[in-house]
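There are structures below to look over.
You will see chain A twice below: alongside chain B first, and alongside chain C after that.
Moving on, here comes the complex of A and B:
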């Protein structure tokens, strides 16, 4: 055990954690909107829209996240047309490519979580709202969404943890996030176990906090 | 389309072999995972606090740390660890471990943590009366486990195990960083030499989709088989 290396690498790894957290929060933020949009599309009665939303979530959940990042980072740059548009400013940055890939990926999972949450709402709640003469829009915002949030909290907590682990893939597109820096230190010092303990410890600490925060929210919103 | 031709000019045959490699790694990893699950599930369910701690720390650590980090640990640390063990037995030559073994072992440990949770959940959800009834009937431990608990457990575990299979299958894409030529690595090589990454990574995505689609079909028939009578 090389304790000196562990202590020396800790600040470097902690610095890299900042990028991991940035990636995580940005992709969760965008992912939530994408997820909500596709959950609503999934419940649409038009079979075409419905099928489209289903295919989206099927494709993103059926392929590895690594493939999705590579397609966006290496693949999209190949399209000449994209290079001439404003989008290229975003797409040439690995940071934004990673966020796009993560958001689309977590969006697909979130849409499934939200859809099942919407579907478990008892029809009685909506009927009660309707019989009180509440407009459909308000029923959706004031009844369906709050119940769905509460229902989907445990599953969404898991999704946040999965996404935290998913951000490690950003290191494959040259980003120096926690895993990227850990890999760099391992490959320069050849001391994998020490670095793994420190980096793994930081990840575990973050999962621990997320897990407890979700538990706290669950308790708060339970009735 | 000619990029996908078989033989010297295209990448069709290479991608096919890479797909078989992905399947082989996934099955090996899943199998190694089962072995870990068989060891750690009893530990997790044990009443002994120390055993319980070991079982719980395995699943917590592995499920809380990114897969890629675990793979790097095995990739960089694997041969060192094996050489250390070998040196105890007096063998001091350099040992290089095959990428297939390191990869399937790393993915196997990850998949094992998920399988352990699935088995634990399945055993815990079996009615307590079943255990008591088989004791009352004087069944031998062996019979009671294989004839009473296991069939009921499998029925509950198969839908969740199919999720574990999906996760394992998708995690194998990460072993490409160690240089094992599976779908992802092959697409990377092909994309590099043809300068057509969009096409080859899309091919990889389609191959993974086909794998998940057909394995789900297969698992669904198993599910039907084990839930007969319910």
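Moving on, here comes the complex of A and C:
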């Protein structure tokens, strides 16, 4: 065991963790909106709309994240006419390609989590609101959404942790995130065990924080 | 109970047999993704200069060999962890790598070059045809200065953990935006898509790609050798494995004397890259 290497690589890895956290927070931010939108579309009575939402979540939950990120980064890069459009400004950058892939992926899972949360709301709550003369819109925002968030917290916490680990795939499209820098250090020192232990430790620590934050929120919002 | 016992015994025996059957084979690791050095044909079979050379060397050694595929970025760790006994993967002999493993004498050498897409502003840079960085002369130093100015602020793509990345990281051509990829295929893809302003690799890797894909990839600037680019490509072997190192050195001597190396090199590179 080369402890000196472990200590020396720690600051470099910590620095790279910033990119990992940026990727994670941006993807979760966009993913939450996408998830909420598609959860609502899934509950739409128009079969065309809810089938579309179903297909989206089916495709993104049914294919590996690595494949999705490769299609968005290397795949779209091969389409010649795209390169002359405004879209290329975004698609040219590996950073945005990664965020698009991660957001679409976590959005699909989030939409399923939120949909099932909405569907577990007891009809009594909504009926109570209606009998008090509260408009449907207010019932949705003030009753259904808060309950759905509460219901979905444990599952969503899991999704955050899965996404944190998913960001390690950013290194496959040239981004120097925590895994990317770990691999770079290994490529010059040829000592994978030491470097991956430190990188793994940092991931574990972030998971620990996320896990406890969710637990705290669950307690806070429990009935 | 009896069936389970018999079954487990059977599994153990098969395991033991498969281990001992592999024990006396020399395992050679290669990447299979760096044509014409080593690559795979349509059916997934390993082919290329080094694959053919490996079989030839094994014939001279007179022992059974097995060629194992390994991702480039884990090549040296895999050798150290005994997943195989020798590396033949277009790996140049450099001082940095020699800290971790030993190398046989070099068996082939090939220059590196920058490549761009046709129509790039970098196409017109005027430099000598080739520079050697081991003891750079005035012309080589001037060429590096020209490159530094031309590449300023540009994105240059390379495969990770290669001599080409070492060179770009060394600062010899100033501070540029270096983007690293797991395989040379991915470097080629992003060069063609326009995400990279230029790419650096073995010159043959680009000409091979241009030929097979039909994409307008052109070589620019000087060809590079020496210095960060190492001293030819050799067989990588674990440091404590001196016996195998001697065996390979002797086999390379014989293969060179009989003209095998230059014959195989000419077949795959189109010119004699042997040394």
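Everything that follows uses one rule, which is that the second predicted complex is superposed on the first by the 223 of 223 C-alpha atoms of A that agree within 3 Å, B and C clash if a C-alpha of one lies under 4 Å from a C-alpha of the other, contacts with A are read in each partner's own complex, and residues count from 1 in each chain.
Note that in this section contacts are C-beta pairs under 8 Å (C-beta built on N, C-alpha and C of every residue); 3 or more make two chains touch, one makes a residue touch a chain.
Computed from a predicted model, the values in this text were never measured in an experiment.
Touched residues of chain A, counted separately for chain B and chain C, are more numerous for B.
In the superposition on chain A, contact is made by A:74 with both chain B and chain C. In the superposed model, A:174 lies in contact with chain C only, and not with chain B. In the overlay built on the shared chain, the residue A:83 is in contact with chain C alone; chain B does not reach it.
Residue contacts after overlaying the shared chain place A:92 against chain C, while chain B stays out of touching range. Touch criterion not met for A:11: it reaches neither chain B nor chain C.
Look at A:187: by the touch rule set out above, it reaches both chain B and chain C. By the touch criterion defined above, A:63 reaches chain B but does not reach chain C.
Of the two partner chains placed by superposition, only chain B is touched by A:165; chain C is not. Overlap of the chain B and chain C interfaces on chain A: residues 74, 77-78, 172, 183, 186-187, 190, 192. In the complex of the two chains, the chain A residues touching chain B come out as 58-59, 62-68, 70-71, 74-79, 161, 164-169, 171-172, 179, 182-183, 186-187, 190, 192-193, 196, 199-200, 203-204, 207-208. If you check the complex, the residues on chain B that touch chain A are 60-61, 63-69, 72-73, 76-77, 80, 166, 170-171, 173-174, 176-177, 184, 187-188, 191, 195-198, 201-202, 204-205, 208-209, 212-213. By the touch criterion stated above, chain A contacts chain C in their complex at residues 74, 77-78, 83, 92, 94, 172, 174, 183-184, 186-188, 190-192.
The part of chain C that touches chain A in the complex is made up of residues 73-74, 76-77, 80, 96-97, 100-101, 157, 160-161, 165, 179-182, 186, 189-190, 192-195.
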